[in-house]
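Labels A, B, C and D are assigned to the chains in the order they are written; within every chain, residues are numbered from 1.
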C-alpha cells in the first residue's frame, strides 16, 4: 500500500503545486491514500471551505491542520460538516470538528489519521501523548485500522522524536509538520514505524516560512510591526513523505522524502520507480 | 575551495564518528577548511579542552558551540587560550573567549568564522542580526576575508531563514545548528550564499537529540524528572554540509548535505565525486 | 468562618516564620482553616515529609504546592499516603497524590481545596480551567462543600484574573501563588469570590524570590551558571490572605492581606481586630 | 523632594483617572516630579500624540512605555519630536525616540528617567542590565542627576528583583510595570533605592489586565480568537508609588503605594499627610 503525506500548504503558490501536481502523482504511482496539511493555504493563515474542496478534489483524502486551523473563522462552521477536515485532537473539548477519523483508502484499507499538536514552544494545550494514545487505543493497528498516520504538528525536534519512539510499532507513520522545512532524518524506526521530523511545506522556499521575506526580516531587525505578511509568489516546492506499507502488519516497509519543483533539490521515492 | 561543516557532536559516539572519519574525508576529498560544532561532545553537555584538541587533531580547523558552550566549566578558562574555540558572538560582553575569528585555510585562503545564537525559543541574548553584521562589517568578504562561514545556532526556522536572507551575497555559508536534525533545504540563495536550516548532529539518531531515549520520553509523559540524560551509544551518523566556493568572489558555487554512517540515509556531495 | 492562606514557604527562614507564628495566629484569632503553599520549603526546592509534618503541626490543614511539588523525590512516595498534601490537579494522569480534596474545618465546615497550575509562561500541562471546573462540579459550593479554596499556581496575571472571573460566585477564594510577591489587588469580586493575584511568599524578601541574591543577579549578568541557589537567611515575612466567609452561602464577606515580620510593611486583616 | 510614578494607563477609563485626579494631587501634595507609564492608553494598545499631550497637560513630566510603545504607528514619528516620551532603552538601535533622558523637576532638581524592558517571558531584546548600566553611568546620581527613576517594564518578579539589587544605592527608584497588578513589596532596599515589583495599572480592575473580561476568559477556554479586546469601562483605580527623596544623596527616604478610586482598597502615602 502506498501512502503520501504532504506538508503545510502555503498560499496560492502552495495550492497551485498541489492542484497541478497531485492528480498526476496519484494516477502515475497508484497512490492509495494521501494526506495534506492545509493549515496555511488561505494566504498563509488557515483555509476556507472552497480551498478544502480544491485540495480534496486534487486527490487529498484528508486535510490536516495545526495552530492555524481556525484562522479563517468559517472553519469553525465547516469543521463539523466536513469529515475529511481534521484539527488537532488535543484542542480543548468543545472545539468544533474532529482530531482523528477512520477513512477508506483506494485499495479498500481502513486508515486512521490522527492530527495532534505538540506543546514545546507552542500554545498551551492538553497532553499530546495522552491524546494520541487515546485515539490509537480506540482504533488499534491490525484491528480496526489497517494503517495509522499521525501528523504531529510541533516545533521542537525533541518532542517529535519522543512521540515517534512512544508510538513506534503501533502506528504506520509519525510525521512532523509546522516548521515548514523538510528534514532528512526519514527512516523506519526499530519497531516498524516510519518517521520524519518534518515533511516541509508546499510553498515557495525563497521566503521566510513561505511568506514574502522582506517583512519578516524587517521585524527581526526592528521589533516594529510595519507591513503585513503575505505569501511568497514564486514557484512552490511540493514537499512530503512517501511510505510503503506492509499490508499484513500495517507497519512501514520503506519511507522516502518527496520534493518536486521550486528551488529545492528534486527527490522522488526510489521505491516508486 | 572546499569547505565542510559538521553539526553538533553528541557524546562519545559522535566524537568517534568525527575522529574516525574526518581525517579520511579531509585527505580523500582535499578539503580546505573544516568547522565542527562541538557543543554536546562531552556527554551531551559542552566540551573539555581534551575533546577540543581531539576534534582539532581530527581535522577541524575551528570548533563552534552554542547554548551548551560553558556546560563544562573548564571552558571558561580554555576559551581564552584556544583561538580555534568559538562561543556565540552575542553572549554578554565580558564572556570569556571569542565569537568570531579569521583562520587560514589549507589553500592559503583567509576564512572568517562567526558563531552566533538565535533568540526565538532560546535564552535571552543580544541581537544576533546586529552581532553578525558587526563581525562581517569588520572583515568583509572579498576584502579581509576570502570566505565567511556563519554557524547560526538557533531553534526556529523563521529566524534561521531571516538571517540567511539578511546576509545573502555577503557571506559564503549560513548554516543552522542546535535542532540536531539535518534539513534538506540546502541551496545557494539568489545572492550567492549557501544555506541549510540545520546541519544535523553527529550522533546516534536512534535517540532523542542524541540522548538515550527512555528518559526524555518518560519526562514528556510524566513531568517528573527521574533519571539523568546520557548520550545514546549506537553508531553515530556524521552529518554536515559541504560547500564549493568560487575563489574570486568567495560566494558559493554549490552546496550539498553529507551524511555517513548510522541509521540515516548515506549522502555524499555529488561535486566531490 | 475565618480562613487563612499563606503563600510559598521558602527555605529554613520561611519555615521558621510559619512554625513560630502560625500557632499563635490560629489561637489568637480563632482561625477555622489554614492552607499553606509549601513548594519551596526544603532549601527552595520542594518539601520533605518531615517538613510537611512540621507545617501541619504548626496549624496548616492542607499544604499545597506547584511546579516544585516533586523536587524532593520522596514526595513521589508520601504524596499517596498524606491526604493533606496536594499537588496541581492538572498534572498528567498517573502522577502520585491528589490535586483536590475535602477537609473538615475546626468549626465543622467541609472545605474543598483545589491546587491547580497555570500554563502561561509555565510548564506544559493540561487545561487548568477544565481541571478546576471538574473538581468544583464534583463537589459544589453549598452542596458537598461549605467553602472552596483554589490555589492557582501561576505566573501571568492575565491567567490568574481570568480563572478568578471564570469561578466567581462558585468558590470562596481564588488566590495566586508562584511569583513570590504579594499583590495588593485583594477584593471580593462581583459574584462573591475573594481574589488576590498572588499571596506572596513566606520568606526573606531581601533576596531574589527568597534565594540569596548574588547568584541570581550574576546569572542575569553573565548567562553562565556558577554557584548554586540557596535560600536567603534573613528574617522571613509571613505573607498571606485572610477571608471572612458567609456561612450560609460559602462566599466571601471580606478579604485582606496579611504580612508579618521581615522587611515588608506589617499588615493584619482589619476584620480580625 | 516628592516623586510620583503611575503605572500603565489603560484605555479611556485609565486616562480619565489620570486627567481628573493627577492635577489635584500635584497641587495638593506639592509633587515635584511625576512619571506615567502610558503604553496602553489608546484603547489598550499604545498611545497617540494627542493622548501623550493630555497626560503631560495633566501633570506628567514624562510618559514611559513598554512592549506596546509603537502599537499606534504614529508613535514612530512623534517619538522623535517629543522629548518627554520614552520607549525602552534596549530596543534595537535605530528605533525612533529615546530610552532615557534628563528632566528638570518643579523644585529645580535634575531627574534622569530610564525606561527599559525585561526579557524573561518577553520579546527578545538586548540586555536590560547593560542598557540601564550604560544610562546610569552616563549620568550618575549625585553628579549630573539629582534623582534617577527606572521604569523596568517586565513580567518576571525574579528579573525585577535582580535589577533592583543590581542598581541598589545607585538610583532613587526601581519600579516595575507591565503586569497591571500592584504589588505590596514596596520598601527602601539596603543601599537606599526605593523598590516595588509592580506599580499596577491605572485602569478598571474588574477586568483582565484592564480589558473587558469576557473575551480574554473565552480565549483561555477555547483557544479560538473570536471578538476583539477592548478596555473595560468601569471606574479606574489610579495606581502608583510615591517616593520621598533625600535631596543631598538623591536616595529614597520613604516609599509607599498610592491607590485611588475604583474597586481596589484606597491607599495614600502616609508621608504625604
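Please note the rule applied: a contact is a pair of C-beta atoms (placed from the backbone, for glycine too) under 8 Å apart; a residue touches a chain by one contact, two chains touch by 3 or more.
These are the chains along with the protein names UniProt gives them: A, B, C, D = TIGR00282 family metallophosphoesterase.
What you are looking at is a predicted structure, and each value in this text was computed from that prediction instead of being measured.
Q: When the contact pairs of C-D are compared by residue number, which of A-B, B-C or B-D has over half in common?
A: Selected from A-B, B-C or B-D as the counterpart of C-D: A-B.
Q: Over half shared or under half: which fits the residue numbers at the contact of copies subunit A and subunit D, same or different?
A: same
Q: Take the average of all CA coordinates in subunit A, do the same for subunit C, and state the distance between these two points in whole angstrom.
A: 43
Q: What is the distance, in whole Å, between the centres of subunit A and subunit B, each centre taken as the mean of its C-alpha atoms?
A: Centre-to-centre distance between subunit A and subunit B: 29 Å.
Q: Two or more other chains in contact with one residue: find those residues in subunit B.
A: Within subunit B, the residues that touch at least two other chains are 92, 125, 221.
Q: Connecting every touching chain pair, does the picture come out as line, ring, star, complete or other?
A: complete
Q: For subunit D, which residues count as touching subunit C in their complex?
A: Result: residues 121, 129, 155-159, 161-163, 165-166, 179-187, 189-190, 197-198, 200, 205-209, 213, 216-217, 220-221, 257, 259, 263-265, 267 of subunit D touch subunit C.
Q: For subunit D, which residues are in contact with subunit A within the complex?
A: Interface residues on subunit D, with respect to subunit A: 70, 73, 76, 91-92, 94-95, 123, 125, 221-226.
Q: In their complex, what parts of subunit B are in touch with subunit D?
A: Those residues of subunit B that touch subunit D are 92-93, 119-120, 124-127, 130.
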